[in-house]
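Chains: A, B, C and D, in written order; residue numbering restarts at 1 for each.
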Amino acid sequence: MSRGTVSIDVERCKGCDLCVQACPPKVLEMSTEVNGMGYRFPVLHDGCTGCTACQLVCPDYVFQVYRFDAAPGEEDASGTPSATPPGEGRPSATPPGEGRSSGTAPGGRPPGRAPASGG
Amino acid sequence: MTEAAPRLVARDRPELILGDHGLCPGCGEPVALRILLEVLEELGIVERSIGVVGHGCYGSFVQIMDVEVLQCLHGRAPSCATGIKRVRPAAVVFTMQGDGDMVNEGLQEVLHTAARGENVTCILLNNGVFGDTGGHQTATTVVGQRTKTSLDGRDPETHGYPIPVAELVASLAGVSYVARGAVSTAGGVARTKRMLRSAFEHQLAGDGFGLVEILTMCPTGWFVPAGSGPEYLSGSLEAAYPLGELPLRGQP
Amino acid sequence: MTTATTRQLLDGCSAITESAIAAGCRFFAGYPISPFTGLLESMSRRLPEAGGHCLNAESEIEAVNMALGAAAAGARAATGSCGQGLALMQEAIAELALNELPLVIFNMARNQQDYFQATRGGGWGDYRTLTLAPKDVPEAVEHTQLLFHLADRYRAPVMLYGDPFIAQTHVSVDVAARDLGPLPAKDWALDGSTGGTGRSRQIWTWAMGKATEPGPGPDGHWRAVAAKFDGIAAMEARSETYRADDAETLVVAFGSAALFVEHVVDELRADGHRVGLFRPVTLWPFPADDLAAATRNARRVLVFELNAGQMLDDVRQFTHDRAAVHFIGGVSIHASGLSFGPLLDVAPIRERILEAAE
Amino acid sequence: MRDEVIITGIGGQGIQLMAKTLALAATRGGQHAMLTSDVGGEMRGGPSQASVVVDDEGLRALPILPSTGSVVVMHHKHSAFALGRLVPGGLALVNSSVADPAAIRDAEVIAVPALEIARAANAPNAAGFVMLGAYATLRRIVGVAALGDAMRELVPPYRAQHVAANLRALDAGAGTVLAA
């Protein structure tokens, strides 16, 4: 299963593709269909680590990022909800490629948001 | 095994952003706006912050940023910020300016405001092009960069050289903090946010003038696909304007 | 001799400074240029003592924008220059008008060649600048306080049209704060406190408002600003007449020139000539109705101003019989270039009036 | 009572300080005063002129006097303007150490050898205050003590060493007139 997930407000997306490039585990992919504005938008595949890279680079405020809390004793070092992007001095809680195998989307989609287009 | 409830680790945007902006796909400026407002929120200074916003695409942020704003004349934001800060020293005063605004039209204002040691924070959104007018050469357009007024690329013989304003500011006494970040990568966004935080902490400590230059993507004004912005930025602006905190060389 | 007095001997710039401080001015920014320099000097000496700020800006453009910022933050603020420097400030003066920000602008002019600049303006948009033209230092002291009041009342930039005599003449004056009545609270001024409420304050010439609460936008806002200036035009025109009631010859003059004409009127009256003076005290709004009334019975209307004929346009526009209007002023510059030339003197004014009256 | 004077001379003679001392002393004494200056570009040697009007009542005066009841001639070089405005029979107080009193017509000319008087008073740089003491005493505008107080107020700190000599010069100037 994935360690994290994202909700994607697809109707706000302008299809710039920056999130796809920024995603360390490479679990975002642009859709083939388009949103109401005519833009393609990202869809999430299994393996999200909740690293927040997509949220950080997104110019259109499309992403909310969630993590599935680790079992006791496995909590990440920071223990805070603040974003810890890859490539930072601080160790990433979820190194790229180490996400748990089982898919989180769409089952991990938090309530009240547009569908995180599951892969 | 039951799946744990998802825990929110990054909101899409702070509540201080009141609505959608109309900027182009792949633009870096909305990212800069988001981290700026996050910093104001995290420092707990939203209710005493006053922004002075210049003229460029980012000017439309005035409609969606929930802090008090004076929308000022092109280039004059540091002067207006000076007047505000002098009469409201308890306020946290910042400017938001593009490269055309700060380095073309308003170079004199930012340099003198820095040299006065005015206790304000200037934020430069530098994409090396007049995005709002459709892609014309600015004072920070890098050598070789194509614009609508340097069609074959900026040629020093014809167009002169770009101006590294952050280095100029860092050479002046009265300056407490100068840094240059970029919003083209996730790591860059996080580092730039920390720079903004440092700059505001210096203002809160009354240390004097601060400048944070943020390199932002303008794929429209660079005539590249939206997704190519970060790559173009790293090969052009970032090569000419190195990232990081700048050493202050002007201490009296 | 006489008893002790609270009057001080002050040059015009110092007197205006004291008057401004008495009116609550706490921010000033300027760039040295003669004859405005004296005002910048006295402000920089006195404002810090009064708990305010005076900045020697690096250009007139920065000076006016600093003052704009201070005004936006709610301070009583002022700037100034002479016409040459005010030329650089035109964009900001228009911005102040369209932003509805109060600011007092002191034009310590070198002569009267800035009439068009003051009354027409060189910025963009439908705006006007309420301009008072005192005839001497004591009146400049009064006008200074009135201007701070009017600026706040109308939330608009306003101007004092001075000159080298008003800037530099020393007179015994008593500067005290005048109560000009209540003003609305400056609840629009920026202090940061509405941040995060969803309705944070915004000062913007386009008045677009927030995404959650749109403003009138440029069309609605600029119409409202234009309507406000129509209201000012209807309410604030001021003028003065001197021995004008039965005048066959009415001379129209403003500022220091009017003071000289007043003296000549006395001389000519003593010689039996029916001469009078009409003085616009506000250059904008031009006292059109007053002039029309004052010129109804005059056989001739003579315009005396130290320029090639600028106020002349307004006088022609509003005089009862425009064929009666004659220009008797002219360009006359001191050898230094910094002050009035020899035309501003009793003998040449007298001569020109008599010549035109024959 | 109203008094008008144009003081004319050259830069460096203290014309402006004389005029300001007179205007300040009058103001301090409760009278109304107006002072206008016309100074050439140079600090020394160029034309220097000042006009002072003092009135017991509220003042109505032009910044360029159309006429004047008196003139103080510190130097003749730039005196044509001032003498041209002197009313017929008006007072011309002439610094006869420098200017020729005989050159002035249609006026009540009073010659004061201000330099010699100043030297005798051990105030060789204060000929202007000799003339001012003489003028104010002649016209009974303000007393010498009031002029002294005003002068003391106006002299900048870096010239404070001249105050005593200036006071002696004011006294000597007044004495000349009273003796006559």
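A few notes on this one:
Note that a residue touches a chain if its C-beta (ideal position, glycine included) is under 8 Å from a C-beta of that chain, and two chains touch if they have at least 3 such contacts.
Note that this is a predicted model, so its numbers are computed, not measured.
Distances between chain centres, each the mean of the C-alpha atoms, put D farthest from chain A.
Here the CA centre of chain B is 39 Å from the CA centre of chain C. Averaged Cα coordinates give chain A a centre that lies 27 Å from the centre of chain B.
Here the CA centre of chain C is 35 Å from the CA centre of chain D.
Centre-to-centre, using mean CA coordinates, chain A is 89 Å away from chain D. Residue positions of chain D with contacts to 2 or more other chains are absent.
In chain C, no position touches at least two other chains. Among all residues of chain A, none touch two or more other chains. In this structure, the chains touch in the following pairs: A-B, B-C, C-D. On the side of chain B, the complex with chain A involves touching residues 3-13, 17, 20, 23-31, 34, 183-187, 189-191, 219, 225-227, 229-230.
Chain C makes touch with chain B in their complex at residues 26-27, 29, 53, 55, 57-59, 61-62, 65-75, 77, 91-92, 95, 190-198, 200-206, 208-212.
For chain D in complex with chain C, the residues that touch the partner chain are 20, 23-24, 26-37, 41, 56, 59, 62-64, 66, 142-143, 146. Only residues 1, 4-5, 7, 9, 12, 14-18, 20-22, 39, 50-70, 81-83, 85-88, 104, 107-108, 110 of chain A touch chain B when the two sit together in their complex. Chain C meets chain D in the complex at residues 1-5, 7-9, 165, 168-172, 256, 259-260, 263, 336, 344-347.
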